[in-house]
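Each structure below appears as structure tokens.
Shared between the two complexes below is chain A, which pairs with chain B and chain C, respectively.
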Partner chain A sequence: MPGTHLEPASVAQRVSQELFSGAVVALGPGLPCYLPDALPDTSGVWFIADSGALGSKGGEAHGSAVDAGENSASLLSGGSFTGVVDVAGILRGGHTDIAVLQPSQVAANGDFVHWTSEETAGLFAPGSAVDMAYGAATVIAVMPHQYPGGRSNIVSQCSLPVDGAGRVNIIITDVSVIKVTAAGLELVETAPGWTAEEIIAITDAPLTVSSDLKGMTFNVPTLEPTNKVYSSAIEALSDVLEGSIINVDGFAGPGGMAHYLMVGLRDLGVKKLQLISNTAGVARVSAFGVPNIIDHSILVENNQVVKATASYPVSPSASRPSAFEEAYNRGETELEVVPQGTLAERLRSGGAGVAAFYTPTGAGTLLGEGKEARIIDGKDYILETGLRADFCIIRGYKADTLGNVVYKGTSRNFNPVMATAAEITVVEVDEIVEPGQLGPEEIVTPGLFVNRIVVRPADFSAYLEI
Partner chain B sequence: MTSAPENSPGDPTKQGKLYSSALAALEGISNDATVLVAGFAGCGIPQKLLRGLAESGVSGLTLICQGAWIQEPGDFTVADLVGSGQVKKMISPMPFHPVHGGAVKEQWESGELEIEIVSQGVLAERLRAGGAGIGGVFLPSSSGTRFAEGKEVRQYDGCEHVLELALKADFALLRAQAADTLGNMVYDGTARNWNPTMAMAAGVTVVEVDAVHHPGGIDPELVITQAIFIDRLVLSD
Partner chain C sequence: MESLADKERLPREIMAMRVAKELPDGSYVNLGIGIPTMVSSFVPEGRTVFYHSESGILNCGPLAEEGNEDIDLINAGGQYLEPVGGMSFFDSAEAFAMIRGGHVDVTVLGSHQVSATGDLANWMLPQRGVGNVGGAMDLATGASGVIVAMEHTDRNGEPKIVQECTFPLTGKGCVYLIVTDLAVIECDGQGLTLKEVAPGWTPEEVQQLTGAKLTISPDIREFEL
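This part shows the complex of A and B:
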């Protein structure tokens, strides 16, 4: 007589052992929605509901909030709301560590079918499951081992059209844990009271039994938020390597520019940097009335810049060339000119997992040369590719310790989009506050995009001593 | 496009882009129109506008929406509009609940209603492309599935990407917590869902709002959907 079937809460406890501090975890409808309740609110794990709740948890509803399973949802302190298109970007753009889904079938090769049955085989409900399955580094299938009638949900080959080809990594059911390997399915854990033979008997797909077969346990790991607060610009940027690509925020004038981080980058002296930025440093030469303001020029003058990808790379005054122009004219730097909207769209694409896109901007001009041209619905487009950087330095107004950021006025500019398009995003702010002090509707850049936070020192001057 | 004068005195609900009824706000909608409908589960559904659409009697509609999964008693949702026989086609990532399918399931089974299933993130991206002037996007999701069938596939970064084309509609029916008379909008929680994206992707954008303020009544840092995307407003019941 086999053991009993685990309750959803126990399955969620077992799933929680797959998580880690700071993990971004996307939840599909059904059993995955039990997961936030398994962990304490302080775990530092970001649960993403495709309804638009970032940092969702169970419990009492926060206003009009639902989770992926359409249950009322609330938010952790530091959670925020966003729209479905930005959720799609979070899922697809490499920002999601783990997706937890409840497929109706998983096959031996990791194929899965989401929320489809024979009764409605022509119709199915992928929701965001496809985006989650293709975007997350790891996909966990959480499901009853069998249909209510006793048929296996784990099969040799899916009998219904698949929603993800070979995407599932681990299957956690109400009786077992199974790994999907290149050689097929491997039974690694059994629920209390169940033997490997009993599980094999109720599984349609072939199972090999791990030589290290264990009993399932339900202890919840102790997870804490990763510390994102750094003591100085230099500390926050110390691992920038020679040749790094760096997103540098800012529009033109002094607003919204991470001056303190720029000085840190200069003091570190790291060379051969490639900057992606709206300008290549014009604040000091243009008519903003502050010619000694810190901008990209301090890096150029320190011989640290070998390339800029920018929309306004030259000074508005021909008689007062920028440091970058002078370096370019001396043959020391490369330049890629990109229209501003295309620059923003390329960064957004890089951050949202869009490999390439057709834009009308620049079609038929020098900017379209060498790029694929295509007519869609009678209109001319050119193909542009997504853009990503190694590091990103941005300037916020306030951040909480989880990395949620708010901006002031047009200093918002490129910050939110650049923050999504780098491996390591570092934000410079006036003030750091506790989670919950920035409202969930107010947060512009969610903390899951931000890796490091530094406070601009009160005595820091954005002006060069001259 | 109409706009209210700045700092205009009096009742903001009588000004700017505000219409007196859902039916009036849907003026110009015709048979066979393509209509975006915001909402995720029971959250942020423009119920009054959907009732107005039913009242208008237009038929042959194509609805692009999350689906018709949840229906509380007394709610008026996409399922009711389908039930009234006005809908020819739905484009949706979650068209109906497998068990509680209602009118959508019945009409799909009888062949009266065509349903095109799309992945949620792909639908969102196609609408965003439509609203942002992008002709098409290469997305990683869906290679090797039915969603990729018949579509152009290219390799980027060693994995397959599928070309998805931009999507636009004739009308968008949205729901916001509050707007100013110019149409700047804020949302409540996950009621935000499809609204900001759909607002950009339709010829005429109509919003059902719970409260209307004078211009300046909404903090500029908190505006989620900007007035330039909004054509008409109507107060919710």
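This part shows the complex of A and C:
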């Protein structure tokens, strides 16, 4: 007589062993929604629900938060609300470490069927499961091992249309843990009271038994939020390598520009940087700023910049050239001019995992030359690709220790978009506060986009000494 | 005979005033740098216009009073704004989704050249070898209509309204109205129609300073403010 089937809470405890500190975890509806309750509130794990809540936790009702299963959910301190488009971007843009889903079938090759079941065959409602499965680095399928009638949910080949081809990495059921490998399914753990033979008998797919077969355990790991607060700009940027691509925030003037981080980058002296930025430093030579304000020019003058991708690269007046224009005219830098809206959308796409998009902007112009052109519904479009950088320096007003950021006025501009489109995003703020001190509806950049936080020192001056 | 080059032309304020008349009540409007920026001062009383700026603000207030400048509250020209109720802030991707998505009704831009078919060339002077496109291409492509406000001739007296643009284009066929210091000219994508002339100017004189053929409107009149 086999053992009993595990309760959802026990399955969630086993799933929690797959998490790590700072993990970003997308939860599909059903059994995955038990996972947040398995962990203490202070774990620092980012749970994403496709309803638009970040940092949510199942259980008692709180405000208007719902999880992916439309259950009311409570928002953890430092959680925030966002729109469904942004959630899709978080999923698709590679910002998610783990997706936990409850498929109705998983096949031996990792294919899975999510919403469709034999009862609903013909109806196809993947929800965000597809985005989750394709965006996350690891996909965990959490499901009952069998249908209520006893038929296996794990099959040789899916009998229904698949929502994700070969996407599942680990299957955790109410009786076992199975790894999906290139060679097929491997049974690695069994629930208390179950033998490998008993699991094989109720599984409708070939199953090899691991030489290291273990019993399932239910201890919950101790996870802690990643420390994102750095003591100085130099410390926060110390691993910027020569040749790095760097998103530099700001519109044109002194507002919304991370002056302190720019100085840090200059003092580090790292060369051959490629800047992606609205301007290539015009605040010092235009009406946007004042003559001695810090801008990108400090990097150009220090011979650190080999390329700029910008919409407004040079001074509005040819008689007052910027440092970048002079370097460009000397042949020391490359320049890619991109229309401002295209630049913003290329960054948004890069951050949201969209490879390219058709835009009417620039069609039939110099900036559209050499790009794939296409007529859609009688209108001319060109293909523009997503942009992504190695590092990003942004300027916020306040951040909490989880990296959630709020901005001031028009100093938001490129900051939130750029924050999504880099491997490492560093934010410079006036003040760091505790989670919960920034309102969930007020947070513009959720902390999962932010890796490092520095405070602009009170005695820091954004003006050069002259 | 007085040379046309020396003949008095309209000041920028009058051009701005004339453009302001074109802005529909309740419309969302983006104003470019220069003469366009002045348009907001002349919107006829009783009309409400909502200004959009690429710096990430909708419902911009007036320019900030001296001493009230805030680096976190600017328009796309880098001018400081006064805070007003009902303004909202958004990021650059959203600012341009508004433009590209056709949610901004009218854009007023300056230009180096406009062609007979409404092509716009305002972002780059070839002799400089480098130019600032900024948001101009998005505005030219996305706004439901572009009004150009510019001087009729350049500083050398050469026409800025030409048969075909010789400078790099910003957008094709996007201009529907040109307001200069000499004339108001409609573009229907096929050709140009002279609708209004500055006081003291004849249609023939305006044509002499224009590099493209103008059809003279049957109801041609003096600048109407």
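Note that in this section the second predicted complex is superposed on the first by the 464 of 466 C-alpha atoms of A that agree within 3 Å, B and C clash if a C-alpha of one lies under 4 Å from a C-alpha of the other, contacts with A are read in each partner's own complex, and residues count from 1 in each chain.
Please note the rule applied: a contact is a pair of C-beta atoms (placed from the backbone, for glycine too) under 8 Å apart; a residue touches a chain by one contact, two chains touch by 3 or more.
Model, not experiment: these values are computed from the prediction.
Contact with chain C, but none with chain B, is seen for A:340 once the two complexes are overlaid on the shared chain.
When both complexes are overlaid on chain A, the residue A:88 reaches chain B alone and has no touch with chain C.
Of the two partner chains, neither chain B nor chain C is touched by A:370. In the superposition on chain A, A:325 makes contact with chain C only, not with chain B. In the superposition on chain A, A:314 makes contact with chain C only, not with chain B. Put simply, more of the residues of chain A are touched by B, taking chain B and chain C as the two choices.
In the overlay built on the shared chain, the residue A:50 is in contact with chain B alone; chain C does not reach it. In the superposed model, A:378 lies in contact with neither chain B nor chain C. Look at A:131: by the touch rule set out above, it reaches chain B but stays clear of chain C.
In the superposition on chain A, contact is made by A:411 with chain C only, not with chain B. Judged by the document's definition of touching, chain A residues 345, 359-360, 407-409 lie at the interface with chain B and also at the interface with chain C. Chain A contributes residues 49-53, 62-66, 70, 73, 81-85, 87-88, 91-92, 115-117, 119-120, 123-131, 133-135, 161-166, 345, 349, 352-360, 374, 376-377, 379, 381, 385, 406-409, 440-442 to its touches with chain B in the complex.
In the complex of the two chains, the chain B residues touching chain A come out as 40-44, 67, 69-70, 93-96, 98, 101, 105, 108, 115, 117-122, 124-125, 127-129, 132-147, 154, 156-157, 161, 165-166, 177, 186-197, 221-222, 224.
Residues of chain A touching chain C in their complex: 251-256, 278, 286-289, 311-314, 316, 318, 325, 328-329, 335, 337-345, 347-348, 359-367, 380, 407-417, 444.
Of all residues in chain C, only 33, 53-57, 70-79, 89-93, 95-97, 99-100, 124-125, 128-138, 141-142, 168-172 touch chain A in the complex they form.
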